[in-house]
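Just passing along the structure, written as structure tokens.
In this document, chain identifiers A, B, C, D and E correspond to the written order of the chains, with residue numbering beginning at 1 in each.
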Amino acid sequence: MLKDRRRDILVALMMIAPFLAIYLLVFVYPTIQMFRVSFTDAPLIGDGEWVGLANYARLDNDPLFRRAVWNTFYFVALTVVPGTLIALAIALGVARLTGRLQAIVLAFFFLPYILPVSVVYLIWDWTLNFQFGIAMHVLDWLGIDRVPVTKSARWFMPAIAWVTIWWTAGFSILLFLAGLRTIPVEIYEAAALDSANRWTVFRRITWPLLSPVTALVLTIQLILQLKIFDQVYLFSQGGRPNDNMVLVYYIFQRAFQQNQGGRAAAVAVTLFVLVVVVSVLKFQLLRYAERRRQ
Amino acid sequence: EETVLWWDFLGGGDGVRMKQMISDFNAAHAGTIKIDATTLEWGTPFYTKVQTSAAVGEAPDVMTYHASRIPLALTQGVLDEITADDWSAMGLSQTDFAEATWDAVTSDGKQYAVPLDTHPIVLYYNRDLLKKAGVLGDDGKPTGLGSGEEFTAMLQALKDAGVQFPLGSVTASGDFMFRTIYSFMCQQGGELMTGDEFLAGDNADKLTNTLELLQQWTNDGLQSKYTDYPATVALFTSGEAAMMINGVWEVPTMTDLAGQGKLFDWGAVELPVVFDKPCTYADSHSFAIPKNRGKEMSAEKRAAVLEVISWMEKNSQFWATAGHIPAYGPVTESAEYKAMEPNATYSTLTANMIFDPKSPLAGIAGPIFDVMSTYYVPTLNGEMDPAEAVEGIKEELNAL
Amino acid sequence: MTALAAQRWNFWGGVLTVVTIVCAVLWAFPLYWAVVSSIKPEHEVVRPYIELWPETLTFEHYIHAITATQIGTWYINSIAVGVGVTVICVFTSMLSGYAISQLRFPGRTALWWLILASFMVPGQALIINHFVLVADLGLINTWAGIMLPQLIHPVLIIVYKQFFDQVPRDFREAAVMDNASEFTILFKVYLPMNWGVTTALSIVCFIWTWNAFLWPFLSVTRTEMMTVTVGITQVNDAFGIYYARELSAAVLAGLPVALAYLLFQRKVTEAITLSAGIKG
Amino acid sequence: MADISLSRVWKRFGSVEVIRDVSLDVGSGELVVFLGPSGSGKTTLLRMIAGLESIDEGALTIDGVRCETLHPGKRNVAMVFQNYALYPHMTVAENMAFGLRNVGVPSSVIRERIDEAARMLEMEALLQRKPAQLSGGQRQRVAIGRAIVKEPKAFLFDEPLSNLDAALRARTRVELAELHQRLKSTMIYVTHDQVEAMTLADRIVILNDCRIEQIGSPMEVYSRPASRFVAGFVGSPAMNFLPVTISAAGDLPQARLADGALIRLQGTPPSGEGFELGVRPEALSIVADGGHTTGVATVVERLGERTLVHVRLADGTNVTAQDAGLSTVEPGSEVRLAFDTAALHLFGPDGAAWHSR
Amino acid sequence: MADISLSRVWKRFGSVEVIRDVSLDVGSGELVVFLGPSGSGKTTLLRMIAGLESIDEGALTIDGVRCETLHPGKRNVAMVFQNYALYPHMTVAENMAFGLRNVGVPSSVIRERIDEAARMLEMEALLQRKPAQLSGGQRQRVAIGRAIVKEPKAFLFDEPLSNLDAALRARTRVELAELHQRLKSTMIYVTHDQVEAMTLADRIVILNDCRIEQIGSPMEVYSRPASRFVAGFVGSPAMNFLPVTISAAGDLPQARLADGALIRLQGTPPSGEGFELGVRPEALSIVADGGHTTGVATVVERLGERTLVHVRLADGTNVTAQDAGLSTVEPGSEVRLAFDTAALHLFGPDGAAWHSR
């Protein structure tokens, strides 16, 4: 379009300036700082001595850090794929319904997602309470031994994973529903005329056509769950924090409980790199899969 | 008028009493000093908050602080010294406090807090249930407080009498059980830290003994499993647990319930001697003045803060209704205090109290807490072998 | 999957429908259970059997939560922070989204890639430096301090850009021929044409901010500056039995968003799918 | 190949009646077109035959078998959808194989049939492509191919050409006609484009407002429309309608237009008031002199081989007349109009139609 | 109203030339149609006039003013977009007012102009509606109204009817023609539909492959196409092309078809080999006996007032011939074809065209 280029650029600058200012302040600058501080022995607030790679070297045989890494990945494994599958199953069920009934059922599944994590924590802490939780009453009724869900090392991560799935599934369900809606009805009608039964329709039509949404949900979940903190922190108060250690919790503990800004920053950098690597890997994988499909 | 920003971590029954004292103070100082009080969540959240806010100059003017945490606080530089001038301004001196208590707030000859109380743990019991099981003595106290075997037998008797949980224990919180375990170790003459070393010599065995005993109770169904704090109290007050080891701060809960006629006949005594000698863990609530980074406290404000502390100390008779044992000598020596129940029943234990080791690793929400907590929960609930746990604890603690 | 008329009501279809409904009820049950528990007296709450409806109905816990805590102040904080973040974030994202979508300026592609890339970066890794930054600015315990690190949601820009990209070029050209400036085009043509997107994005942005936990938890040390999400974790008095009281606080914290959702259900669901870059 | 018969079928969506008491017989090998305006129920009727909509009342027989309650896959009909509904993630070959696999046809047979269909439709080169890599016309062909391999008893088409551009539409229309001549299979074809209907159909079923207005060959429908609706709907440019009064001058009947012009009618028309005279543009020509009436040319549309002249009569009625390709009529000039009395239609107030031939 | 003149303009997108050295004069009050296949550069040329694309080389003058570098808003032309680009959130009146407000026209004047335009376009009742509440035809009218209120020097239309359905398109076409007669303003109209071009234009500019192929009145373009491309592009159904050899029998020139048939030519055609004979379907009729050649009818399309017969000649060439509406030709039957020797075209290997009249 025929226009005054210089004025255009000026207008563009005016428009991106507010965002850019905030972006530089709360994103670029802290990121640079994080890397810088990780090479010092700074406390939380204030400067420290340059210590080179010492903070990273210490991570190498730090059992708590190792547990944090392990737990983080364990949590990711427990939430990402199972959460996605559960959301998919629910979405398929909800999509069958119509009208008001669908709206209500969807609301039931979605409501947890909009609740703050601290509310989710209180609700489930109560539900799973070893003495009075209704879940335990149900176990009694089924004749199963009560399980100290949030207090035992074996059950803690699965329980947190379940609570997380319960909490966040609504989001994935919506994405799947949106994905399902983009599949034209005619495709299903064509399949009906092609004598496809329910299972064939799912396996040969719905599932492949949903694969882009599935990939999207998996990616979002993966990046999200690597950053797990809130639930673990809330549920392990007074319990066994060290058994339940995850990366962000470790950063929090080092920085805010033990006032070791530099060591915390080293962990933060590790997490940072981890997420970036996983994202890039995932991206490449998807691209590769995409190319193979073509 | 000076407004004094005040933080405490006192919820529950003692919180109610502290609020009462604050409003009394404000009434007495109307126009000159006003306390603006905030109650934060006890434990890790409180101390994390204190530490981060002191670091950015946002800490309050005065706060409650566990004496056990003072060494840790000093390494973090969050506490201001209570100087000799301060002491005299408050009209208090070393002679007003028991030696162990004074010692708990002292480091390198300097004081960093003013002790308000000592709060040991005690054994609460349900007289009605004990009587039913035939283990209540004529003095109204439980029989079988003399040795481990006796105590276990008493628990068994309760069990046999159909009590579901003879002993309510906070088995879901290792940091809480630390108090009981530490007491029982002490009953064997053990200590956690010898110099800088953790569980030196046969101390590890003593810890193992303790854990074995507690685990045995669990395995025999004598104590509640995976019970968190509120649940323990609920089990006891609802009559499902016959006894409970808990801090004296639960006394107000009992007295209040009893006052409303909603509670059975209850009592509280010093911890049983399950090993060699009586010994009970205690900590001290004290008042401390945070060292706010980049922020100097004005003289007027400091004077007001000191007045607050001083007033609280001198009026700590009322604090005793929260179950705690006031640290201020003149109060505990008063006849009025000596008549208070159940305080009188367990007041004997002051002689047998033991405080946390003086180490920057110790104290509420300190690193030792986290390590212990992590191992105690599985051990006490029968998931982990005591010896293995002690091994792990020793290794981790010494690595700190 | 839209059911075919001929298939919809056959036997297995009916079974699936019933299973879905039962699952939905079970899924939402903890919510119901929390609400019911919060209106029971404490001693009924800890009864060793299931009572689906309180024997004695009481609102004492709510009264306690409202009178004994500063939940009113927390609400105000949450709302102020939520509205502040939403307004600033949506506004700046809209402007940049428009610029990237419609204007040609040097560095445009680089900026776009930067925004796409920052999607992957974990905000949690930056908490320490955010804390230091906010402390250096003297903003600890202020609304501005709670808001600052939350002001960046790259996804909003991405969604805006995609939306502006989709506006047929004709509208822009018609406006240019109508002598409209870039700001006129944005505010008088593009923005009103996409009100749906803006409301949707505002809703999600508000929900995210309302629900944020870690940062508000770290950056506030004074009770009167806490947001609801953080504040309610402070009600749970450490000692004594207060299950119902905690739950009443939880209900109070969750209620506004839950009500907002139930009122604007369609808008919220639309907003969520939008925020993931899917058009529903 | 099979015959299809609908007998007194009804369809309601909720309380809305969409098909009202429709009966229809489609002979074996016949290509029947459902033609009607939007919302007239064409698609619904087709989908009822396919089994994609249930039949509320009445009977459907395909090849002598009662089918109302049969699953769509069991009716042995194939459908070509408006937007083809190709499975986007399958190649062309997989698309065609899908339906056969589901009923357990052996792979070798499937391969044979696909090859044959591909040969017939000249799309051997496309077999390994995905639908997204095909042009509109190619997709259309694949959709037909997918139908052919099933060797169905009947083909159902729902506006299969409406997504193609004009040129491709014309070409594909011819291809479809050729295909039908080759396969000789029963086909039902839905469209709202009357050119398509006219050029393709053996018989046209004209639907309006949920009912059948007329069933007949294209020429029957065009030259002897059963109702005013059919007359107006079929043919482009549309038939002109003029209110007339019919009277007899001597024993010769004549129609009097609103502007007073008289037109002699052949045969024995009904008589009375309230009639409308229907005349197609090609039966209304511009003449140099003589003619039945005059008017003013408002717009002249030169289509090359012929010219359409929009004329406003004295009483204000607008009619479209046809002139030669090299017409000299200019907008605004006065023209004389002559009616071809051999091609006139009368529509009575009761809806009855009369044709002059 | 103003005249528009393009002189030797060029346009490149990157390295792709899209407009090559085009010159064109549009007279004041004239309606010029740009006609051409997709991608021929019609839209680009129109947008260059509007200022929505820059002009790389050459001059543009509107009403005597040089405009190449002027901002689109300053050129005083109004554009009606293909999908109208009505602002969906504004009422019809606001849509029309938007452009005037931006240049600070006083409200009273704006109101007047809107009322006037609404009266002219008979849409007073629509002023307070939003575009979503309008039908396609009404939207079209609003888009024109938005252009009219600006009182521009010229109107530019980019395929304004392509989003309407067939019936509405035909009707709106007529309305547009009437509007132009009323406003007498300069209009440039882009379309790829040759029927629209034929019926609307004062002059048609035929674009192909970034160049102008022919400029002329509709009849000139139809009956004397300047090139084989124009001949093939204009007219529907398309002209038939048959390779022929031209020779002279005595002094009468004649064309020999591939199947050996001889057709006498009128006038003085060029002679030699490699020619193509162009004949429109209406100049190629089915005759009962006689005729120039014979073939087999493959498909018969009955359009009502005429019938198109697709015929395969002996040498395999396919041609389309026209027959009367009530044709009796059946697919597969042999038919005789007669060429109208007064309407034949010859296209030489060098692209030159010769017309028999």
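General observations
One rule holds in what follows: contacts are C-beta pairs under 8 Å (C-beta built on N, C-alpha and C of every residue); 3 or more make two chains touch, one makes a residue touch a chain.
The structure displayed is predicted, hence computed values, not measured ones.
Listing every chain that touches subunit C and subunit D alike gives A, E.
Among the pairs A-C and C-E, the greater number of C-beta contacts is found at A-C. Legend note: the chain whose CA centroid lies nearest the centroid of all displayed protein CA atoms is C.
Centre to centre, using the average C-alpha position, subunit B and subunit D are separated by 92 Å. With each centre defined as the average position of its C-alpha atoms, the distance from subunit A to subunit B rounds to 39 Å.
A straight line joining the Cα centres of subunit D and subunit E is 27 Å long. Residue positions 43, 45, 52, 55-56, 229, 231, 234 of subunit B are each in touch with at least two other chains.
Listed for subunit E are residues 51-52, 72, each touching two or more other chains. Among the residues of subunit A, those in touch with two or more other chains are 1, 3, 44-45, 129, 131-132, 189, 192, 256. Looking at the complex, you find that subunit A touches subunit C at residues 1, 3, 5, 8-9, 11-13, 15-16, 18-20, 22-23, 25-27, 29-31, 33-34, 37, 44-45, 90, 92-97, 101, 103-119, 121-124, 126-127, 129, 131-132, 134, 137, 166, 170-171, 174-175, 177-181, 183, 185, 188-189, 192, 198, 201, 206, 213, 216, 220, 223, 226-227, 229-230, 234, 248, 251-252, 255-256, 261, 264-265, 268-269, 271-272, 275-276, 279-280. Across the complex, subunit B is touched by residues 42-43, 46, 48, 131, 135, 140-141, 218, 221-224, 233-234, 236-243 of subunit C.
The touching residues of subunit A, when paired with subunit B in their complex, are 43-46, 63, 129-132, 146, 148, 151-154, 237-243, 256-259.
By the touch criterion stated above, subunit C contacts subunit A in their complex at residues 1-4, 6-7, 12-13, 16-17, 19-21, 23-25, 27-28, 30-31, 33-34, 37, 45-50, 88, 91-93, 95-96, 98-100, 103-106, 108, 111, 118, 120-133, 135, 148-149, 151-152, 157, 173, 176, 181-183, 207, 210-211, 213-214, 218, 228-230, 232-233, 236, 243, 246-247, 249-251, 253-254, 257-258, 260-262, 265, 268-269, 272-273, 276-280. Residues 43-45, 47-48, 51-52, 55-56, 76, 172-176, 224-229, 231, 234-235, 293, 365, 367, 370-371, 373-374, 377-378, 381, 383, 396, 399 of subunit B touch subunit A in their complex.
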